[in-house]
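The following pair of complexes shares a single chain, subunit A, combined with subunit B in the former and subunit C in the latter.
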Partner chain A sequence: MTLLKRGLSRRRVLQTGMAGIIGTGIAPMVFTKGAWAQEFCNNPTGDTVTIGLNLPLTGAYAEEGADEQKAYELAIAHLNGEGDGGLISVLTPTALTGKGILGKKVAFVTSDSQTKSDVARAGATRMIERDGAIMITGGSSSGEAIAVQGLCQELGVIFMAGLTHSNDTTGKDKRRYGFRHFFNAYQSGIGLGPILGQEYGTDRRAYHLTADYTWGWTQEESMKAATEALGWQTAEAVRTPLGAADFSQYLTPVLNSGADVLILNHYGNDMVNSLTQAIQFGMRDREANGKTFEIVVPLFSELMAKGAGENIKGIFGTSNWHWNLQDPGSIAFTKSFGAAYGSPPSQAAHTAYVQTLLYADAVERAGTFYPPEVIKALEGHEFDGMGNGRTLYRAEDHQCMKSILVVRGNENPTSEYDVLNVVQEVDREATTYDPAIFGGDLGPAEPVPLCA
Partner chain B sequence: MFEVIFLQFLNGLDKGAAYALIALGLTLVFGTLGVVNFAHGALFMLGAFCAVLFRQLLTMETVTIDPTQLSPWGQPLEVRAPLVQAWFGDFGAVLVNYSVPASIIITIPIMLVVGIALERGIIKHFYKRPHAEQILVTFGLAIVAQEVIKSFFGPNPIPQPMPTDLRGAADIGAWLGMQANVITYPIWRLVYFLFAGVIIGAVFAFLQFTTFGMVVRAGMADRETVGLLGINIDRRFTIMFGLAAVVAGVAGVMYTPLLPPNYHIGMDFLVLSFVVVVVGGMGSLPGAVAAGFLLGILQSFASMTQVKALIPGIDQIIIYLVAVVILLVLPRGLFGRRGVMEA
Partner chain C sequence: MLAMSRNDILLFLGFTIAVLAMPIWLQPFGAAYPDLLQRFMIFGIFAVGFNILFGLTGYLSFGHAAFFGVGSYTAVWSFKLLSLDAIPAMLFAIAVSGVFALVIGYLSLRRSGIYFSILTLAFAQMSYNLAYSVLTPITNGETGLQLTLADPRHVDRMFGEAMPGQPVPTLLGQSLGGFAGFYFCAGFLIIAFFIAQRITNSPFGMMLKGIKSNQTRMNYTGFNTKPYTLAAFVISGMYAGLAGALLAVTDPLAGAERMQWTASGEVVLMTILGGAGTLVGPVIGAWLIKYFENIFSAINETILARFWDFLPDGLDHAAVVVSSKFVGEGWFLTLGLVFVLIVVFLPGGIMEGVRRIAHLFNRPDKSSPSQGKAAPQPQPAE
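Our next item is the complex of A and B:
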């Protein structure tokens, strides 16, 4: 009553009270608009931003890992404004400036995944928790990619997959925080099927040797579907352990199985070994069912082709990209990589490079490193100039929809790198499929978990 | 069906010969020196890299840069000319073609020196130490050898082509008077099988029919008594370690066309050869050979689709499964002697 007597009316008290409530309750919401930017895993606060490169530098896919590392280092140099700028000037649309990402210089840490899923996961954990990596990228095995993208979903860190070809990566095991530029086994089947029918006819019996893990299973499934649709029969589908080295005990049963085509669902060193040993068994000199015995390698790599030497000649397969494509993006990347390392890039290097640029571009467009905003910037984003024509980062499964290549081992190579010929470029419309066929659930982008 | 079983059996013999050859040196060292040598796989790997080194020397090139031409990736074109062919003409070309078998010439002295240096430099200090310590030190040596090779040759496999005359498959069915192209088998695998047979036979003959071998066998049976006769048994055992290194090395050389070697190739074979030695009986040479063939044949048959259909995944565990069963029934292995590793 005393206060009221001094001139403070009841109305004034209520007004002051309301202002206090507004001041203490609402104002923080206004002033901390964007405060989520401080509350996510490894939000970069200094002048640099760190990317974690999770690479198979040893093990069955070591060659791919080594080439990926070169590409990542090149991409990071280009993002920081060093070198010739590579594909930055060719990417359309682009928000890249050549001054790092959001003005921060890009740094990197690496970890050798040894081509093992558990080691890859442990390496990614270390790079996120100890080294403060804002984004993880790399890998040349789908087992690794699936393990690492699961981890990244748990920790709220974006994973830009390197070479991974299993349908599961963006199918049943897809994750909101995982993105894949590389094509998949299903798309290999779509591309390769018609060519195989055209070259080898519709009356064939195929024998599959398949790497016994997620990629091999989906590759086998996709190739079976593609070849059986042509009218081919499947004689046998045999699983072989990853890194088996000696495949002779799996190759001997092929000889008298009644098959006239051997489909090697192997990659990396496994591919080099199984193909080399199949040739040693005289499979390409055989006849079966009155036809010439053929070998098919659904997923080719020029590094692998180089390791397999002349054994690769005339063999059909598919590829995500090849250095001798003549679009401006491919020419620019091949030139930039060649100038830096003295050899043309592999498809593993290409996808690694492109993924790094796409992440940086998405951050620039989002204006923040906050993962849910970067995810929004990547989902449904359409771009061109990276060597595969107009490409869509599909929102439903985070799989890039783009053209792919059917390739064949070069019969007359002019250099050690000139091992594959592009037989056909299968366009994006043909390789686009319904994402629902592989199921899976991307999961949420928010709330963003805190990694430490 | 006969062809299928015959081929699988042949494959088993081929695999078994490789396993026996690799395990032979391991069991030789254990039988003579009583050392469980976990660096044996590394010796196999070093042998394989002798072949790589030899080929690299034979295929050295002169590189001239042609600034008037550019490669598709924008670099001045490198024009390469082989050096050995330029020096030796056709003989040089033959030497390059046969680089793998020819590299045995340099592998034998290199591996002998490596083996003797290893034994005199490090392993002899561990003779009286527990087996666990021997395993640790030799395993450490294996890792060091791996890393050294990795630093010089890189982590990736380096393909070693077999001689052109020995490529492709031999028509064994036709040799046996059967229909052509029914039973065919890679020529180089047959060469490896014969090579393994010759080496194994030579080691047995050396131990059985030479005075040196007789002394070594006596030393294996009773080292102290042989020493009391005034014979320097330690020196002979050192030479045996060198011999084991040579056997492992040449086994590695001849395996390179089948499996491009990388720094890790020895570790891939170490576990396998150790299982072969244990199944055969520690220190038993006939045991290692018998177990090598037994496991090779079983592994080959376990990989048949008919067998895998009955027991999925059996091809990947058969060797270890058989090892468990044999050790349960015969704790000393197939040819194990009483008292070995039982103290």
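Our next item is the complex of A and C:
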């Protein structure tokens, strides 16, 4: 039996024993939570606790990944009581002490996920198995987030998603161990729909170019639903591969399609490229069906706006957060990030920072790192001060319910960072939806799977 | 092991021991964690299989990742539709990738040399694009195919309710995570190695070597080489399918990236780096590349700063800046350098280096007795 030749430690015996017990389906009857409460994956026993940052440092979303990394490092410094403390003082209610998490100093390990699901999973596994990460966070692609979230559920490690906007992350593919602070495509549709109707009228034909993976699909669906509710028609929806540098073959058919609005369901470099090329095709100077041709980018970020430069002017989209908001949380975060890195933070950086603090706060409130207790502390938790107004971590799907922003490319930017104007803040009541519409199943928190 | 020579048995036993003891001897290298060990095994199998086609038969396939990917998708679908047990998934994966290899091999093997390579590359790229965008209902595209709680799993459901929690592949109810998964894969690597060893030393293997050295002459001698090359192609495709299935067993997600041409190129690199045509070489090449990919890419500036700490101020900073280009995202650069050095100085790969070193130590012994037992003649590598 090759399985037992080596490495027969106490842990292995327990683990194989556990697997056997679970396998026969009598697990819930045999052991109670109390007896196993402290036996879980990477239980930190020393005086440090390690967080795994899984970031795309190469690939189509590399720029977001780099900004997220800055935010994570800042958040960890603040948790350890270094720097100016950032948002720790504005989070309400708070259990954070500025002395690490539960008195343990926070350390981190990183992994480049290359904007690929396979690689992201391998990186997360390495950080859990080798480096002993208690929590995994990061990612700026929904494909990655869903893949890593599934893995974390398998291994019993909490995943705090970074930038992921697909409905599936907290919809069809939601997991008990996965949490998302960022908003989603459905909420973008709710926010953007009325503004588009108001600005562009109710008689329009839209052409979608969609990044061909989970985020693109759900955003296309949500945008179709929102615009068709206004009375718009959808001329066609075309899928484009992630990371394609040249979009001209997809843009040419738009000109002859009879459409008068182009909706770009692209993000990161893809959006920068497709938008720039669309403008080079002269799309914004065209008239179609007797109306000015318009371009809409449903998910916007400052980093992309910067990359697209002039082309972004006057274009509508939505954002999770913007550094120019005037609430105390946003001001404190922009100041602290600016002092450390010399530029205002992006929405990716904001969500990364907030997720780290929320995890630390949940652990403090739970009084333990034991994942099911931390999950309970996060589920249904209501907090304020993080820049999006009063926010609820909804228990049904682990999606944060908060206000979102409708933004527009700035016509007269005063600096290279002042590229977006906030048109409207859509409040939490308006963006709240019924979690049941996307289906999915969170799965159980217990028994806690034991990683190797 | 009846017909095996003493050297073969020693090689096999040495290999088996080295593989099974990996969690111990890899500890100092920071690589002894289950996930990487599993990858070492899986890509070892992939490379051993590839070597049967490339090293033995001399056909350079640039599309082997397609069979690897087909194996993974088949295994995940078997988990979703039938049962979470690893055995049926692997049987199906080997069978399906074998059939797939038969079709592609039948078409590609009408040509040889560079034309064959380009044909396989074209088929693999077609498969990749199919998986990435055309066949999204089957492959789930870029997002990757995953297991969910709602999967039908007809066979499992017949034997009672599913267990709670995220579904994970098992072996007769035994979970295959962590070190159990490693020993499971290790068992298959050892079997795969044994079969490859037997193939190499069989009359069939001789025929393949003959095809490699001069196919025209083989034809003139009266042998029909086509069935042999096709058989070698299918066998190596099945090896790739097995490796793909094992990757899905240890980590139940199948993504299209693993079918991309870079993945096909990687296995070629592994084989050449280790030594094409040798038995152990490709496995060592696979280990080396996976080690670089997982360990070097995870080194960041903080770790480097600690490493260069002993240097005086200013100098240590410069050392960090220079060396950081070669680790982290720059691990490809290091791998490229290693590859260039090996191809230039050791055209036969790492195994040639091993032979040269062994030769250095053996020379004094050999000079004194003029005859005696013949030194083991290693396979010439090309």
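The definition used in the following text is that the second predicted complex is superposed on the first by the 414 of 452 C-alpha atoms of A that agree within 3 Å, B and C clash if a C-alpha of one lies under 4 Å from a C-alpha of the other, contacts with A are read in each partner's own complex, and residues count from 1 in each chain.
Assume contacts are C-beta pairs under 8 Å (C-beta built on N, C-alpha and C of every residue); 3 or more make two chains touch, one makes a residue touch a chain.
Since the structure is predicted, the reported quantities are computational estimates derived from the model, not experimental observations.
Could you look at A:N269 and tell me whether it touches subunit B, subunit C, both or neither (first, second, both, neither)?
A:N269 sits against subunit B, while subunit C stays out of touch.
Residues of subunit A touched by subunit B versus by subunit C: which partner has the larger set?
The partner with more contacted residues on subunit A is C.
Tell me the contact category for A:T110 with respect to subunit B and subunit C: first, second, both or neither.
The answer is second: A:T110 touches subunit C but not subunit B.
Based on the superposed arrangement, let me know which partner A:P444 touches: subunit B (first), subunit C (second), both, or neither?
Touch status of A:P444: second partner only.
So, A:N412: does it touch subunit B (first), subunit C (second), both, or neither?
neither
Is A:Q326 in contact with subunit B, with subunit C, with both, or with neither (first, second, both, neither)?
A:Q326: touches no partner chain.
Once the structures are superposed on A, label A:K335 by its partner contacts, choosing first (subunit B), second (subunit C), both or neither.
Once the two structures are laid over each other on A, A:K335 reaches subunit B alone.
Touch check for A:S343: first (subunit B), second (subunit C), both, or neither?
After superposing on A, A:S343 lies in contact with subunit B but is clear of subunit C.
A:E154 contacts which: subunit B (first), subunit C (second), both, neither?
second
Is A:T58 touching anything from subunit B or subunit C once the two structures are fitted on A? First, second, both or neither.
both
Where on subunit A do the contacts from subunit B and from subunit C line up?
57-58, 239, 241
Enumerate the contact residues on subunit C facing subunit A in the complex.
Contact set of subunit C toward subunit A: 20-21, 23-24, 30, 33-36, 39, 132-133, 136, 141-144, 146-150, 160-161, 163-166, 168, 170, 173-175, 177-180, 183-184, 186-187, 251, 253, 255, 257-258, 294, 297-298, 300, 328-329.
Help me check something: in the complex, which residues belonging to subunit A touch subunit B?
By the definition above, subunit A touches subunit B via 57-58, 62-63, 66, 236, 238-239, 241, 245-246, 248-250, 252-253, 255-256, 269, 272-273, 276-277, 280-282, 285-287, 307-309, 323-324, 334-335, 337-339, 342-344, 415.
In the complex, go through subunit B and note every residue touching subunit A.
3-4, 7-8, 10-12, 14-15, 71-75, 155-157, 159, 161, 167-169, 181-182, 184-186, 188-189, 258-260, 262, 264, 268, 299-300, 303-305, 308, 315-316
Contact residues on subunit A for subunit C in the complex?
Spelled out, the residues of subunit A in touch with subunit C are 2-3, 5-7, 12, 15-16, 19-20, 22-25, 27-28, 57-58, 109-112, 116-119, 121-123, 125-126, 129-130, 142-143, 146-147, 150-151, 153-155, 168, 173, 175, 212-214, 239, 241-242, 441, 443-444, 447, 449, 451-452.
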